[in-house]
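Okay, structure first, notes after.
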Amino acid sequence: MIVVMKPFATKEQIENVERRLTSLGFKTHPIYGEVKTVIGAIGDKSRVDASSLSHMPGVEAIVPILKPYKLVGRELKKEPSIIEVGKGVAFGGKELVVIAGPCAIEGEEQLYKVAKAVKKSGAKILRGGAFKPRTSPYSFRGLEEEGLKLLHQVKQDLDLLVITEVVDTRDVELVSRYSDILQIGARNMQNFRLLSECGKTSKPVLLKRGLSSTIEEWLMAAEYIMNEGNESVILCERGIRTFETATRNTMDINAVAVVKELSHLPIIADPSHGTGNWKYVSAAARAFVAAGADGLIIEVHPDPQNAASDGPQSLKPEVFDELMQALKPIAQAVGRSI
Amino acid sequence: MIVVMKPFATKEQIENVERRLTSLGFKTHPIYGEVKTVIGAIGDKSRVDASSLSHMPGVEAIVPILKPYKLVGRELKKEPSIIEVGKGVAFGGKELVVIAGPCAIEGEEQLYKVAKAVKKSGAKILRGGAFKPRTSPYSFRGLEEEGLKLLHQVKQDLDLLVITEVVDTRDVELVSRYSDILQIGARNMQNFRLLSECGKTSKPVLLKRGLSSTIEEWLMAAEYIMNEGNESVILCERGIRTFETATRNTMDINAVAVVKELSHLPIIADPSHGTGNWKYVSAAARAFVAAGADGLIIEVHPDPQNAASDGPQSLKPEVFDELMQALKPIAQAVGRSI
Amino acid sequence: MIVVMKPFATKEQIENVERRLTSLGFKTHPIYGEVKTVIGAIGDKSRVDASSLSHMPGVEAIVPILKPYKLVGRELKKEPSIIEVGKGVAFGGKELVVIAGPCAIEGEEQLYKVAKAVKKSGAKILRGGAFKPRTSPYSFRGLEEEGLKLLHQVKQDLDLLVITEVVDTRDVELVSRYSDILQIGARNMQNFRLLSECGKTSKPVLLKRGLSSTIEEWLMAAEYIMNEGNESVILCERGIRTFETATRNTMDINAVAVVKELSHLPIIADPSHGTGNWKYVSAAARAFVAAGADGLIIEVHPDPQNAASDGPQSLKPEVFDELMQALKPIAQAVGRSI
Amino acid sequence: MIVVMKPFATKEQIENVERRLTSLGFKTHPIYGEVKTVIGAIGDKSRVDASSLSHMPGVEAIVPILKPYKLVGRELKKEPSIIEVGKGVAFGGKELVVIAGPCAIEGEEQLYKVAKAVKKSGAKILRGGAFKPRTSPYSFRGLEEEGLKLLHQVKQDLDLLVITEVVDTRDVELVSRYSDILQIGARNMQNFRLLSECGKTSKPVLLKRGLSSTIEEWLMAAEYIMNEGNESVILCERGIRTFETATRNTMDINAVAVVKELSHLPIIADPSHGTGNWKYVSAAARAFVAAGADGLIIEVHPDPQNAASDGPQSLKPEVFDELMQALKPIAQAVGRSI
């Protein structure tokens, strides 16, 4: 930590800050510049939030030096993590993993139809929401446990892996019974209790980035899960909120390279939510594969015009199939397969 | 709802859209412009998400006309709501209500000290976090039930109302036992299960705006609570996330006038989180009172340098006292008292 | 400047960075932490951009310590600047200054009507655009020199000060001939040539904040003007661009306190552009006065329904008059007059 | 245009709005819903800004239906434009065009070195700034005309096309004499006079997107240029400003597909400014090619550690060469060549 003193801070102010740092267990190293003095502080933080020193007379700013995360960082674990999710499918290896399926599970026929289609096109994991977080209380909120059962049935019948979202700490055990992967949605990225609860299970967790979360906050959310002992975290960029209204969200394509530099965890992309418009999904999917993402999660619906939720951003099965073909040479160009 | 057709959409495309709208229960009113045709659609939406029509050939855009909320809106309830929270204290009336206290409850001495001070300065409600949502799993996360008990004890001893945050659906019942008001934090504004659970209680709910939530989404979150039967919702602007880094958040001063126009619910402001820096808290507090806010929630700590959380944005009791004095003539200038 | 080395950077890498810093004229002060080494670098930067050191092996980040501005900062000039603009009117003193008038000058009748009205209500300076920067090339772009002449005529007749925007380096001389203050609009805040050209005149400059400019960038833009020898800069907060769409912009109320801390320059607010909606203008105007702003600039139009530009955010003269009355006690509450 | 009336607007209010629309030359088509009435208005706008109708009693909102641009839109010109820039090089065709070179021209040796290197790697156009818009007045602002002459000399010697930025209306003629393409930077995207001035030349214009400009505003800026008769506009996505600080900007990968849908103009990407960090440039470059961009502009410097500007985001020639090789199979995968 570096404490930056104001220009012309007095000798007494500087000494007070040094004394305070020492009492908190830091070793101090002042550097006297022409205009400002800065004090390097080495050592672990105590329970006291060190940023509180900004209250002391003469202090201008506190600059942290160490990354706030440990378990998710590259510093302790240099090699990329490969997260096995079952049936030989793994995120972070040479082979890209595509998750596909409807936004919400609407019924047996719909789910079978789309599951068969996406499996045929090469998706390894079926997605389908049973508990839907919706902006409006009047929107369709999912089939709940009935949806989970349908998902499980399709999983068994078609020999697919499945993923579904968990939105309440009280449902973690229930969802874990039916789903191969627990999905934490963007709006729950800083629902810290839910993170901890999922961290206590043995299920891999797909952690979506919050709408307005920095990459650092996102990694800290993953740290919550890992801190409970669950090392199987897959990050998912799904677009952030900006001033642009031409698309539902702005996809942060830079996030792939940044996450790969800072963390060993795999990262995939959700171009359906990231664009909000099926017409832009394929371009975004191609881009994320080219940027080095480890997989994709894509909404596919057999009849998007009649979807109960997210119809505008869902691909028809035939468009999804074309996309899967288009991704192959791009994956190959970056040394991956799909 | 207005369906905007693309320029030169064919007659057949227009008719298909009309047919589809009719089958969904809408009455259609096409208007043929020189370049584009638009179709007015009157009637209630079915379970199908009408935005899915954007998939139909020839459709350019769907423009909703009705507000998505009902219970929170001014359209059905014209007069401002006055939310009684106990002991004659109410939000939304002529008198402004100030909530003050530490970010986190750290112990008995700290809590009594600050409670006495803020009461003396005119605060009507004591705040204090027992369950703290923290970005890092390594930060102090609150005294939990022990904190709730301390809060309750101070409430009894000093004859104050109290408010504390609830972060987990499983804790709603517990927190309701100790607290006069349930606080839902910014990070949980779209934790829809938590909203519903708080909506099932009889406790007033203070609903903070999410970091990147639009005012409409915020009102929809309040709608979730009201939809469960709980009409006592107090909105709290606490700053939104923007590109500016000189302050922790950017306070949306316009939100007061916008909310007052769209909704009958009271709105208060949290200048502590909204600025993140105690030096800027007073200016922001004055501004929100002048803009017409119904109250304030302010972090006060007897010794901010040693706070376990949010020290940099906490006021010392004497600064809080000065602020309370400074607010009086401003409140008066806008026809209120404090 | 602090150079933060990566964890486990080698001794050789650290020495290389030190050597490089020395060759650029810095004195170096390494601090060896348990995980990371940081190197304090004291001295002036050469023409080489020091951030380029981030290319060196083992370097993680460069943290600047000194503020990038000098002339606008509080460090060299502690007392607030009072900017005289003529006829005894000054920004930054005890008396608040209100600028009012139409967005665009549309004709003689319109301008006289509004000028008389705003003068009567207490505005000291008349605004009116002759060169209008418009998003669309098909919108009304102002009466140009004819507008300037009208403005000058009204100024003489009604004994008012006037302000108008300059949008092109080629017009600075022309506009200076007619206007008491040069206004630089939000979209030109980083038109560095225009800043320099205005800095070469002896006219006070009203510098609006850019839509997505940080406060630091805004101060750097003022530094450009002052660096040419013109010390009369008035800052104007006019709202920044965020994700919120309920208002045209989000007004950064915190900016007043931040600017007052960092700079000696006066700051006013433009609630017309900051809200984009006349219904919200008064609340924002009250808020900025309460927060400590040194004045306001407000759009007033005798017939907003027929305005050639910005009608939705223009006040009718009678609403403006009510606002001026409402501001008096608030100004008084914060130790100012209006 | 659709005028949305408030719920329960009176018959008189509705009739007044209709009368006003008629007087402005619109034909009106009211649709009476259960809650709200909307009025479709067909016809061209007069000089009066139609949004001013929002002042009329009973009006809730004005919804525009027609796109504000004409010349840049797909509606009048369906086929993509191919912009020839000389020597058989064209943007928007099957072959991708890569522009490369230093941020700023620093001297003869530097420019020749980098020009030879990027040409060898396959770049068709050399970039180099002679007039540099810099945030600080104390930073290196370019060699100005001397730089232009160097650029022209290298162009002749090495048989390359060149591009450089123009930052002042007074320099358009000068820069046009030396450069094959005029570059308008992000900070000048809404410098409407500069747009018009460049529109009057016969030189192709590379128009960077503003830091906080929507895609619609960007297209409107292109409309300014085209409206003066210059049809050779190339759009360039260079990242937008968001809350994320891990990178200098957030690249809007969705913008490629959106622009391709709305406009016939070619679009390229600038991953150097879009990331601000050479380590992330290659991933972003690959992504934009995969998304369908028509080219790239990349900063390359022979010695980034000693660059006078933008060193941290400049590639070394050998890294640029690797990138060019890596782009080939991706371009091929999307049906293009490089």
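Note that the chains take the letters A, B, C and D in the order they are written out, and that residue 1 is the start of every chain.
Please note the rule applied: a contact is a pair of C-beta atoms (placed from the backbone, for glycine too) under 8 Å apart; a residue touches a chain by one contact, two chains touch by 3 or more.
Keep in mind it's a predicted model, so treat the numbers as computed, not measured.
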Enumerate, in label order, the chains that touch chain A and chain D alike. B, C
Relative to chain C, which chain has the most distant C-alpha mean position? A
A student comparing A-B to B-D should find more C-beta pairs in contact for A-B
As a quick test, compute the distance in whole Å between the mean CA positions of chain B and chain D. 38
Chain A to chain B: how many Å between their CA centres? 26
Which residues belonging to chain A are in contact with no fewer than two other chains? 212, 241-243, 245
Residues of chain C touching chain B in the complex: 212, 214-216, 240, 242-247, 250-258, 261, 274-275, 279-280, 283-284, 286-292, 326, 329-330, 332-334
Please output the residues of chain B touching chain A within their complex, sorted ascending. 20, 47-49, 51-56, 68-69, 133-141, 167-170, 187-188, 190-193, 196, 211-212, 217, 220, 223-224, 227, 241, 277-278, 304-312
Chain B-touching residues of chain D, taken from the complex the two chains share: 2, 4, 7-8, 29, 31, 33-36, 38, 40, 42, 63, 65-66, 75, 212, 241-243, 245
